[in-house]
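Shared between the two complexes below is chain A, which has chain B as its partner in the first and chain C in the second.
Our next item is the complex of A and B:
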C-alpha cells in the first residue's frame, strides 16, 4: 500500500507540469539574475585597489613629494595619484573619479566629496586619505619637537619612523570563498527548498475530507492514514528533490562557488526539500481555510523566513544574530542557507552536521504536528 | 454593475490574505529602511573592531583605548568560528589580537610580531585599520627613540594621535537641490517597487484568474449583460482597486515620513503612481498568462525579486555593473529607481526635473505597452476559444 501511494503521488507531482516548470524556472531565472547583478560586485566594492587621489600643489614641498611617490609606487600602492590644478581636481571629485584632493603647502589640507551618494567603501577610502594626511602632520610635528627639545636624538627618531616594521600579521581565515554575495545564492536555494511547501500543502488538502473531493474519497477508503500520508509525503519529497538537484546543478554550471564538497551541497538541498515539504504539510493541516489561502500563508512564511535569513538584505542574518540569535537557529531558511555556508567556510563537518540534524528534526516535528492536527477526524456529512 | 460587484466581492474575499501581506510588508519595509544600505559619511565612518587582548597590560590597554577612539569596539569570543561568522556577516570588520608579551617587546624596542589579525582578504577596512595600527606603533617607537620610557611614550602617543585635520567637505551646489527628500522617504519609495509588484500580482492576478475562469466566463457570456459592459466593469474594478491600494501606500508613506509629502517628494509620489500602473499592467498580464492561482505566487516572486535585484532596489544602482544596468534599462523598475535616486540627490547627476519627468515618461510608455500586450493576449485567447 505504501508503494502504491508513493508511486501515484510522485506521478501526480511530476505530471503537474506547470508547478514543476516554475519550481525549476524560479531558481534558474533568479540565479541567472543574481549572477548577472552580483558578478564582480564584491571585487569592485570590498577588495582593495589603490585609492585615486588628486594632488594640488600650492607651495613646493619636497619631503611630501618624496613620501607620496613612495606610497603610490609599485604593486601594493596605497594611492593612485593625479597631479593637477584645483579646477580639474574639483571636476574629478564631482564625477567621483577621485576620492579626495590633497592641497600641498607647508601644512596639508584635504577636501573630499559629500556623504550624498557615498557607499561604505568610499567612506573608508576617504578615511584612509585622511589618516595618511594626519600621519604626515603628526610625524612632522614629532620631528619638529625633537629638533627643538633633543636634537641629538633626531637621527634615531627618524630611523624609528621610517624603519621597515611588521607588527601585525594576518591569520588565514578560511580556505573557502569569503565573497559575501554568495549568501544571496544560499538564500535562493533555501527559498527553493521552502517552496516545496506547495507540494506538502497539497497533500494535506488532499487527505482531508472537508477540504477536497479527493480527501473525501480517501477518507472512506480502508487504508491506514499514517502510512498513506507518509507515502504521499515521500513521493512529493522525491519530486521536490529532483527539482532541487536540477536547480543546484544549474547554479553549479552557472559558476556559483559552492566549494569543493558538491555531494554534500546536494545533500543539504535534498534535506532542505524534505523540511520544505513537511512545513507545507503542517501549514496545510492547520484550520479549514481553502488551498489558495493556505498557499498564500505558506508563501508568505517562506518569504519572511528568507528575508530574515538575508535574501533581500545580505546582513540581515547578522542583525538577527545581534538581537535574537535564537531565531537564526529555528528559522528554516537560515538553517538551510547556513548549511551551504558551513560547507563553503569551515573545513570540518561539525556545524554542517548540526544544521542537517536541525533540518531533519524540524521535518519530523512538522510532519508529526500535521498528522496530529488531521488524525481521527470524523465527518457527519460531506 | 453585476460584474463590478462580483469583482469587489472576490477582492473582499482576498482581503485577509492581502492584509496579511500588507502588514508583513510594512514590517519588512521598516526593517529594510532601518537595516538596509545607508548613506555613510566618512566623518563618522568607524569600523566594527574586536580587540582580543592576550597581554592585558597597561600598554596593551592603551592600544585598545586608541582603537576605541575612532572605531566601535565589538566584543567577540576568542574562537575562530565566531570570528569568521562575525567577519563574513560584516558584524565586525576587523579582529585584532594583541599577543602576549606585547608590553615587554615594546619596552625592548621590538616591533615585529606584536599583533595578529583576522580580516576578509584584501579589504579596504583591513588596509584602514592596519594603517592606523602602523601609525600607532611608529609614533610610540619614535617617542621611545626620543628617550622617553614606555609609559610616557604611550601617553605622548595618545596625545599626538588625538590630532585631527580639518577636512573640507565639498557639497557640489546642485546636489543640495535634491536634499529635500528625507532618507526615510527615499528608502520607502525605493523598496515600494518590490511591495507594489508582489501585492498587485498576488491580489489583482488572483481576482482576475478567478473572474476569467472558463466556467465563470461562459456563464457571464450567456447573461443579458453585453460583453463590452462586462469588460468595462472589470476594468473599472481594476482601476478602483489599484487606486485604493496606491492611496493606502501613500498614506503609510506619510505616516512613516511623519509629515505630508511635499516639495521634491511630490515627484516621488507621481513616480510611484506611474509605477503602480506598470505593476497593475504586469499583474493583469500574469493573470492572462498564468494557468492557475497556485502558480501566481511563484510568478509573483520571480517577477518582483528578479526586477528588484536587477534594477537596483535591494542593491544600489551605482554598485551594479555596466552590463547589468544596460539590461536593466529594458525594465520599468530601473527607470523608477533612477527617477527616485535623482529626486533624492543620490544619482551621479544633479536633480533635474526634466530628467525625472523623462524617467517617469519612459515608465508610462512601459505601462501603455503592457496594456497593449494585455489586450492582445485577451483578444487572442477569445479568438482561440
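Our next item is the complex of A and C:
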C-alpha cells in the first residue's frame, strides 16, 4: 500500500508541467541570467589595461626615464606611455586618449582631466597615476637625504625600497571560493528547494475530504490516512529531489563553483527539498482555503524567505544578521543557502552539519504540524 | 427477505441554525437501486456524506452491512464504491493509471487488481482511451472514468451522488444503463439525483427528501398511488369560456381544470375513458382543438402534491 501511494504520487509530481517549470526551467533561466550578468561584472573588474599617459619632458631626468621605461614594458605594464610635446598632450587629454600628463623636470608635475568629464573608471586610473607620481617623489627625496646625511646607508636603503614591502598582506582564511556573487546561486538553489512546497501543499489538499473531491474519495477508501500521507510525501520528495539535482547539475555545468565537495552540495539540496515539501504540507493543512489560494500563499512565503536570504539583494542576509539575527536562524531559505556557503568556505563539517540538522528539524516540525492539523477524520462541513 | 445493507436512524445534521437533516430514517435492502430524490439543498448529498463518515453529524445512528459506520471501519469501507458529484481523478495520470490507483486503495494483489481494472475499463467502454490523460477526454467520457474509478474494486454497495450532472443525453443513457448492469451483477445501489426521470427509470425504490426530511418512500408505483392524480390531459385550444370549463369539471373523476397560454389542463383522479369524455365536451360546444396529450403522473406530481412546489421550482 505504501509503495502504491509512493509510486503514483511520484508520477503525478514528475508529470506536473507547472512543477517542472518552477523547479527546473525557471531556476535554469534565472541561473543563466545571473551567470551572464555577473560574468560581465567580473570582466570589467578583473581585466586590467595599461593606463595611457603622456610624458612631456621639460628637463632631462635620466632616473625617471629608467623608472618609466621599467613600468611601461611587458604584458603587465602599468602605463602606456606617449612621449610628446605639451600641445599634443593636452589635445590627447581633451579627447580622453590619455588619462594624464606627467611633466618631467627636477620635480614631476601631473595634469589630469577635469572631474566632470571623467567616469568612475577614469577616476581610478587618474588616482593610480597620481599615486605613482607621489611615490616617485617620496622615494627620490629619501634617497637624496640618505646621500646627503648617511651615504654609507645608501645601499641598504635602496635594497629596502626594492624589496616587496607588504605591511598588510592578504592571508586567505579559506581555500573555498569567497566570491560574493555565489550567494545569488546559493539562494537560487534555496528557492528551488522551497518551491517544492507546491507538491507538499497538493498532498495536503488531496488528503482532506473537505478540501477536494480527490480528498473525499481517498477518505472513503479503506486506507490508513497517516500511512498514505507519509507515502505521498516520500513520493513527492523524491520527485522534488530529482528536480533539485537537475537544477544543481545545470548550474555546475554553467560553471558555478560550488567547491570541491559536490556530493554534499547535492545532499544539502535534497535535505532542503525535504524541508520545502514539508513546509508546503504544513501550509496546505492550514485552514480551508482552496488550493490556488494556498499556492499563492506558499509561493509568496518562499519568495519572501528568499528575499531576506539575499536572492534579490546580495547583502540582505548581512542586514538581517545586524538587526534580527534570529530570523536568519529560522528563515528556511537562509538556512539552505548557509548550508551551501558553509560547504564552500569551511574545511570542517561542523557548521554544515548544524545547518543540515536545522533543516531536518524544521522538516519534522512542519510535517508534524501538518499531521496535527489534518488529523480529523470527520468534517463539520464539506 | 432481503438483508438490510444500510440503516440510518434518526439522523440529524445541523449547520449552525440550519437543520440539514431532520431525524432522517432510511433502510436500504440488498439488491435494491435506491433513489434519493429531492431538489438541490434538500439534504441528499449531506445524507451520503454522513453515510460515508465524511461529515460529522449531531445525532443518529448509521449502520452499513450490519456494522456501525465510522471513519476507521475499513472492513465496511472496503465494500463501498463511491462516485461523487465532482469528478475526482488525477490530471497527471492516464485513464488506466487513475483506475489502477483508486482500485489499488482497495485491492492489494497486483494480478487481481489488473483484472479488475481491465473489467472496469471494458464496463465503461474506455478501452480505446486507456492511455489518454483526463484533460483529453470529453465531459461524458470523464464522467465514465469517474465511475470506473469508483467501481473497479467491484464493491457490494455503490453510492452515486448526482453522477449525470452536466452530461450529454447519450452519455447519460450509457451511465444509467451501466448502473442497471451493476445492479444486475449483484451490487446494491444508492442513487441521488434531482432528475426525476432518471430516478423513475432506474430505481426500484425511492425516497423523496425535502428540507432534510423524508416526505415519501416506496416504489414509483407506490409513490404515485399516494396522490390523487392518475392522469393529466392537456389539450391545445384557442380560447375557452367558463361555461365549458364548468362542464368539464362536472365530468366524473375530474378534479382540476385550468386554462392558460392556449392550453387546457385537466387532472383526473381515477377511472377510464377520461380523455374521450373531455374531447366529447369540447366537440359538443363546437370548439376546435389542436394537439392532445394524456400523461400519467410523474414523481414531480408526487412532490408537487406533497410539498406544494414542483421539484424544478424548488431548485
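Quick note on the criterion: the second predicted complex is superposed on the first by the 243 of 382 C-alpha atoms of A that agree within 3 Å, B and C clash if a C-alpha of one lies under 4 Å from a C-alpha of the other, contacts with A are read in each partner's own complex, and residues count from 1 in each chain.
Criterion: a contact is a pair of C-beta atoms (placed from the backbone, for glycine too) under 8 Å apart; a residue touches a chain by one contact, two chains touch by 3 or more.
Everything numeric in this text was worked out from a predicted model, so none of it was measured.
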Quick one: classify A:318 as touching chain B (first), chain C (second), both or neither. first
Going by the contact rule set out at the top, does A:25 touch chain B (first), chain C (second), both, or neither? first
Compare chain B and chain C by how many residues of chain A each one touches, and report the one with more. B
With the two structures laid over each other on chain A, which partner does A:300 touch: chain B (first), chain C (second), both, or neither? first
For A:108, using the defined touch cut-off, is the partner it touches chain B, chain C, both, or neither? Pick first, second, both or neither. first
Name the contact category of A:1: first (chain B only), second (chain C only), both, or neither. second
When the two structures are overlaid on chain A, which partner does A:97 contact: first (chain B), second (chain C), both, or neither? neither
Quick one: classify A:69 as touching chain B (first), chain C (second), both or neither. neither
Counting only contacts in the complex, chain A reaches chain B at residues 18-19, 22-23, 25-26, 29-30, 33-34, 36-41, 44-48, 78, 90, 93-96, 108-128, 130-135, 137-139, 141-142, 145-146, 149-150, 153, 156-157, 159-161, 163, 165-171, 173-174, 178, 180, 183-184, 191, 195, 198, 291-293, 295-297, 299-300, 303-304, 307, 311-313, 315-319, 321-322, 341, 345-346, 351
Please name which positions on chain C make contact with chain A in the complex. 15, 49, 52-56, 71-72, 74-75, 77-78, 80, 82, 84, 86-90, 92-93, 97, 101-102, 104-106, 108, 149-150
Name, in rising order, each residue of chain A that touches chain C in their complex. 1, 4, 8, 11-13, 15-16, 209-210, 212-214, 216-223, 377-382
Listed in rising order, chain B residues that touch chain A in their complex are 16-17, 20-21, 24, 28, 31-32, 35-37, 39-43, 45, 47, 81, 83-91, 96-97, 111-128, 130-135, 137-139, 141-147, 160-161, 163-172, 175, 178-179, 194, 202, 206, 291-295, 297-299, 301-302, 305-306, 308-310, 314-316, 318-321, 323-324, 327, 345-348
